[in-house]
Amino acid sequence: MKVVVSIGGSVLVPELGTDRVAEHAAVVEDLVADGCRVGAVVGGGGVAREYIGAARDLGANEIELDQLGIDVTRLNARLLIAALGGDSVTAPAKDYEEAGEALQRGGISVMGGVAPAQTTDAVGAALAEYVDADLLVYATSVPGVYSDDPNENAEATKYDRLSAADLVDVIAGLEMNAGASAPVDLLAAKIIQRSGMRTIVLDGTDPDRISRAVRYGEHDGTDVIP
Amino acid sequence: MKVVVSIGGSVLVPELGTDRVAEHAAVVEDLVADGCRVGAVVGGGGVAREYIGAARDLGANEIELDQLGIDVTRLNARLLIAALGGDSVTAPAKDYEEAGEALQRGGISVMGGVAPAQTTDAVGAALAEYVDADLLVYATSVPGVYSDDPNENAEATKYDRLSAADLVDVIAGLEMNAGASAPVDLLAAKIIQRSGMRTIVLDGTDPDRISRAVRYGEHDGTDVIP
Amino acid sequence: MKVVVSIGGSVLVPELGTDRVAEHAAVVEDLVADGCRVGAVVGGGGVAREYIGAARDLGANEIELDQLGIDVTRLNARLLIAALGGDSVTAPAKDYEEAGEALQRGGISVMGGVAPAQTTDAVGAALAEYVDADLLVYATSVPGVYSDDPNENAEATKYDRLSAADLVDVIAGLEMNAGASAPVDLLAAKIIQRSGMRTIVLDGTDPDRISRAVRYGEHDGTDVIP
Amino acid sequence: MKVVVSIGGSVLVPELGTDRVAEHAAVVEDLVADGCRVGAVVGGGGVAREYIGAARDLGANEIELDQLGIDVTRLNARLLIAALGGDSVTAPAKDYEEAGEALQRGGISVMGGVAPAQTTDAVGAALAEYVDADLLVYATSVPGVYSDDPNENAEATKYDRLSAADLVDVIAGLEMNAGASAPVDLLAAKIIQRSGMRTIVLDGTDPDRISRAVRYGEHDGTDVIP
Amino acid sequence: MKVVVSIGGSVLVPELGTDRVAEHAAVVEDLVADGCRVGAVVGGGGVAREYIGAARDLGANEIELDQLGIDVTRLNARLLIAALGGDSVTAPAKDYEEAGEALQRGGISVMGGVAPAQTTDAVGAALAEYVDADLLVYATSVPGVYSDDPNENAEATKYDRLSAADLVDVIAGLEMNAGASAPVDLLAAKIIQRSGMRTIVLDGTDPDRISRAVRYGEHDGTDVIP
Amino acid sequence: MKVVVSIGGSVLVPELGTDRVAEHAAVVEDLVADGCRVGAVVGGGGVAREYIGAARDLGANEIELDQLGIDVTRLNARLLIAALGGDSVTAPAKDYEEAGEALQRGGISVMGGVAPAQTTDAVGAALAEYVDADLLVYATSVPGVYSDDPNENAEATKYDRLSAADLVDVIAGLEMNAGASAPVDLLAAKIIQRSGMRTIVLDGTDPDRISRAVRYGEHDGTDVIP
């Protein structure tokens, strides 16, 4: 089984510490021990936000900020690599081809962002599409896809399952609403739709949820049905 | 004045020939002779479509197809470079930083696509944002932004001017409509909106229109107002 | 057994389609399934000629044209990669060392041109020499090595077998004759001679001929004897 | 005049903010406006320490930690670049040759670390040696070179001037003393000695001190005399 | 067992010939056949000294000389690669990550220098640290670590065993003494100390000594005890 | 005026010393001071021969030997760069595009070999073609083009002038004669022919001859007339 796990930066490194990273690494290693190939895509989180905030105040434009953000996702990818055993991966993959090669060779690949104007959400979906993954898991800081941003609207309801086309509509609606945040971005949703990939969005703050979702299909998040 | 011109592949190389490329190169050189710095971003066009069609039939996934498409945009960029005088640019820039450096050094940069899951429309907007361009011109095969796809809907009306926010709405609407094609894609529209860049969408099949639009602001296309 | 197959562009993609590519890919995969390691080198063909013609008219010099041609060979290499199963090769090798590594790792490597002023004929011979191949096969659009260009001279006779030294002489003679085209170029012939490699030149428009030649040594082309 | 300024990470980004970065950028720009060429080498500071601490707890070895540290110095270099005007530098130089080229071309280069097991102190000295700088300035968090670590030993005295050979001795002594920290490391001191470069070590927390030191030779730090 | 062997240039290529290289390659291959993974780091030797001497006379600075020296170490690494069987390594690793990947993949990696202002002694120690080697062997032209340079001081005595901390002290002392040469440099010694690696310094002019030291722990050199 | 000078390795570094390199550098600098742009291509010479001989004995194949040879040409290129003033070139160009860019930027580029199975003779002709040079000069160890190898045949006569087509014939004849050596190789001759470049072959052991040939067209070698 081939799985891509997209781990949000605020999920992996809510602050610069080790526990969460070690737990995620353990989940990846367990899945590999079970015979899975695992591609992990790591986000930027708080450190990215701080660097980006500082650089914006200093006059950087959005593309330069994205470049900074990519660099931080790659730092976070190195943290995850440090937590994985020394013989699996040596450095974050820089593009899909490097990631695909690492997956073929050692069964694990780790990467961060790829290019400006593209989130790691989209990178996760693109990597899953590139390696023909059987499953794509978004480990986010919200427990699934909601009808609205649950932090903004108390009446937002979580979808247990959703077609990919509906996912695109929901995310498009959320992105129109400036205040709301979405668990994955619109480009990622469109890639999921076009590739017909099975996708799960779940609360990644407890990494064991990823493990259970991959092995047994059990989770409290949202299933996106091709 | 710093200008980024995004030239659609079907505008630059409707078929593999030289006239259109030579005319576009002449426009770029005239603008540079007038004191402009010009960043050109070139699309894939018919050759890209043919390679992508063949590779899709052979089983390539969308990311691999995008990679092929990027390679063709870079071939087209080499054609434009060939038509420019030998001392201006030597090779297509591979990313925004290389393009920015070429622009500083010689006043011209030429590039194609950058990363999978991102059109050259978006690359054009991103380059314009990265180099803080004064103007972004889309030289497309339709004469501007329409309320609907003019090839599909005879009642589609062209906008003479449009706010960037309205551009995003129009494009989002078009992208929801599977059959319709849009002159620029949604990501490009969003970058235009966030960066507040002056943007013109015009019919690039007559390259002189680009020249007049840049120099005198005269054109029959659509002005996107920040 | 280690084999390098040099597939002419006009053999692989006589026009941009899929059948021929799929058949060549099937031959490569069958050989690998039989225990061979296969290095494929792919030419430019018609698309290369079109781009080169356009760029020449636009004023490009020969080295720039070669660079364009290399880019097209790499596009064609991506087509062949698309047709091979997804887990074998991810991208065309850029030089002999990358190709050698891919061959060690996964048993297949695919590459196009390497440097200006050098054909993919020569790249094929050089790759075969580099990896110490047991056999080098040229899949060309003529059925072997002739005493003269068979398209120009009806009395040209095909050699069934030929020493490498004689191959060099024949090719040198053909290259002196401006109108004639040769199945491999002089540099390739010289590399074949110096390396003492067994080489077969055959009609590659039916890819099964490659398969039979490699497995059973049966073919209607020309055997070049070290 | 060619100057290399090595700015400690804890001097440039004591915490992730903008004031200090903006002030250092202003100093660099003023020097360039005065006709200097300026190579800036930037350290890692607090963010580097945090990432390195986390990765060490996760089991990374020292070389992996150094690699993380280098990545953070390059992030900090991007911050400084953001604060410099957009047309001067596009990205951190990756090695001395890139830095030298940037310096020739635009009069400014910015870089971080280069290779594991080498501090940015040493990179600063090596860059100064490589570009044949007239002056090397260390902008550190202590006001100069002391006979001992002033934070550990209240009787440590600051040297107003020092020969390069004595600098090597003082630093060697400090490095033997596990608890003490030195304003530059031993490799940097040895490079300074062998190259015979004029060097100033000063308190960089007020960036104007750098400016005054370069222009008028006025400072309260330590002069290292070739 | 994972071993890093640092082979001095004057040990591997006392003059440009083949015997010594072939013998060292045989030792590496025997160790691999025994189940070891072997990382070899190769120095510059006489050719490096000649190029560096010429370039110094021509006005190159020390960093440029180091760059030349690195290039020569990589040439020497290619010699060793040539002597190893063709299917093991294709090219010298350019950094620790490439070397680590080669070691995982094929059990052998070969590299030369990495960055200016850093000897291959230090690269050897850094590679050993990076791959968590069980043993680091310095194959030098002196038979171990001495209390002083044995070529300068007839009363210098060889240490049979030495703690890593004492190694640092001895080397630091030797480096203070301008005329003396040390079997490993100070940075290497410090890396050995911090990483707690078992290290042997021995006479590499007879390559079999390396083999015996790795397999049986038997040698006449110096054991550095973590 | 744009000139490419191809300096044979045995001309530049008959042995590893400095005089000849310094003299060639002085010629390049004088030409640049006169307003020329100069691209220098440097061969391998004796050191290349020694490395190649050793590696051949160790079992390297011809492509690996070529790679070694390329590395040595780049070392020699660094020697020439060292002898040029520090602000002109930082590193050898790796391909024609880098060389072209250096020429545009600073008026000088220096390079060695580019790809296996291609001599620096051919690289010189290709660079000249790529940058549209006005003149190509081969500074060789024989004083021009002869009807036969003058070291082998006392009756060989030197051509004062020769058409490019005749050059190709003469070189082709020499290459057929296994014992003879030619001042430029066949590929170089063919590039000269197709590009219609003015070319001079002269004795480069006295570098002033290059200078006089470029400035005044005065030389005792062979003029190749387009």
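Each chain carries a letter (A, B, C, D, E and F) given by its place in the written order, and its residues are counted from 1.
By our rule, a contact is a pair of C-beta atoms (placed from the backbone, for glycine too) under 8 Å apart; a residue touches a chain by one contact, two chains touch by 3 or more.
What you see is a predicted model; the values in this text were computed from it and never measured.
J.: Moving only from a chain to one it touches, give the least number of moves from chain A to chain F.
T.: 2
J.: Out of curiosity, which chains are bumping into both chain B and chain F?
T.: The shared contacts of chain B and chain F, listed by label, come to C, D.
J.: What is the set of chains touching both chain C and chain F?
T.: Where chain C and chain F share a partner, that partner set is B, E.
J.: For the two copies chain B and chain C, what rotation in degrees overlays their C-alpha atoms? Round to the nearest 5.
T.: 180
J.: Taking all residue numbers at the chain A/chain E interface, are over half used by both copies (same) or under half (different)?
T.: Because under half of the interface numbers appear in both copies, chain E and chain A meet with different residues.
J.: Between chain D and chain E, what is the gap in Å from one C-alpha centre to the other?
T.: 30
J.: Return the distance between the CA-based centres of chain B and chain D, expressed in whole Å.
T.: 43
J.: Quick one: report the Å distance separating chain B from chain E, using the average Cα coordinate of each chain.
T.: Roughly 54 Å, centre to centre.
J.: Do you know which chain E residues sit against two or more other chains?
T.: Within chain E, residues 61, 64, 67, 86, 91, 97, 105, 132 contact more than one other chain.
J.: For this structure, give each pair of chains that are touching.
T.: Here the touching pairs of chains are A-B, A-C, A-D, A-E, B-C, B-D, B-F, C-E, C-F, D-E, D-F, E-F.
J.: List the residues on chain C that touch chain B in their complex, please.
T.: Touching chain B from chain C are residues 13, 16-18, 21-22, 25, 47, 50-51, 53-55, 57-61, 64, 67-68, 71-72, 74-75, 78-79, 81-83, 86, 91.
J.: Inside the complex, what are the residues of chain D that reach chain E?
T.: For chain D paired with chain E, touching residues are 61-64, 67, 95-97, 114-118, 122, 126, 129-130, 132, 172, 176, 186-187, 191, 194-195.
J.: Touching residues of chain E toward chain A in the complex: what are they?
T.: 97, 100-101, 104-105, 131-132
J.: In the complex formed with chain E, which residues of chain A make contact?
T.: Residues 86-87, 90-91, 105-106.
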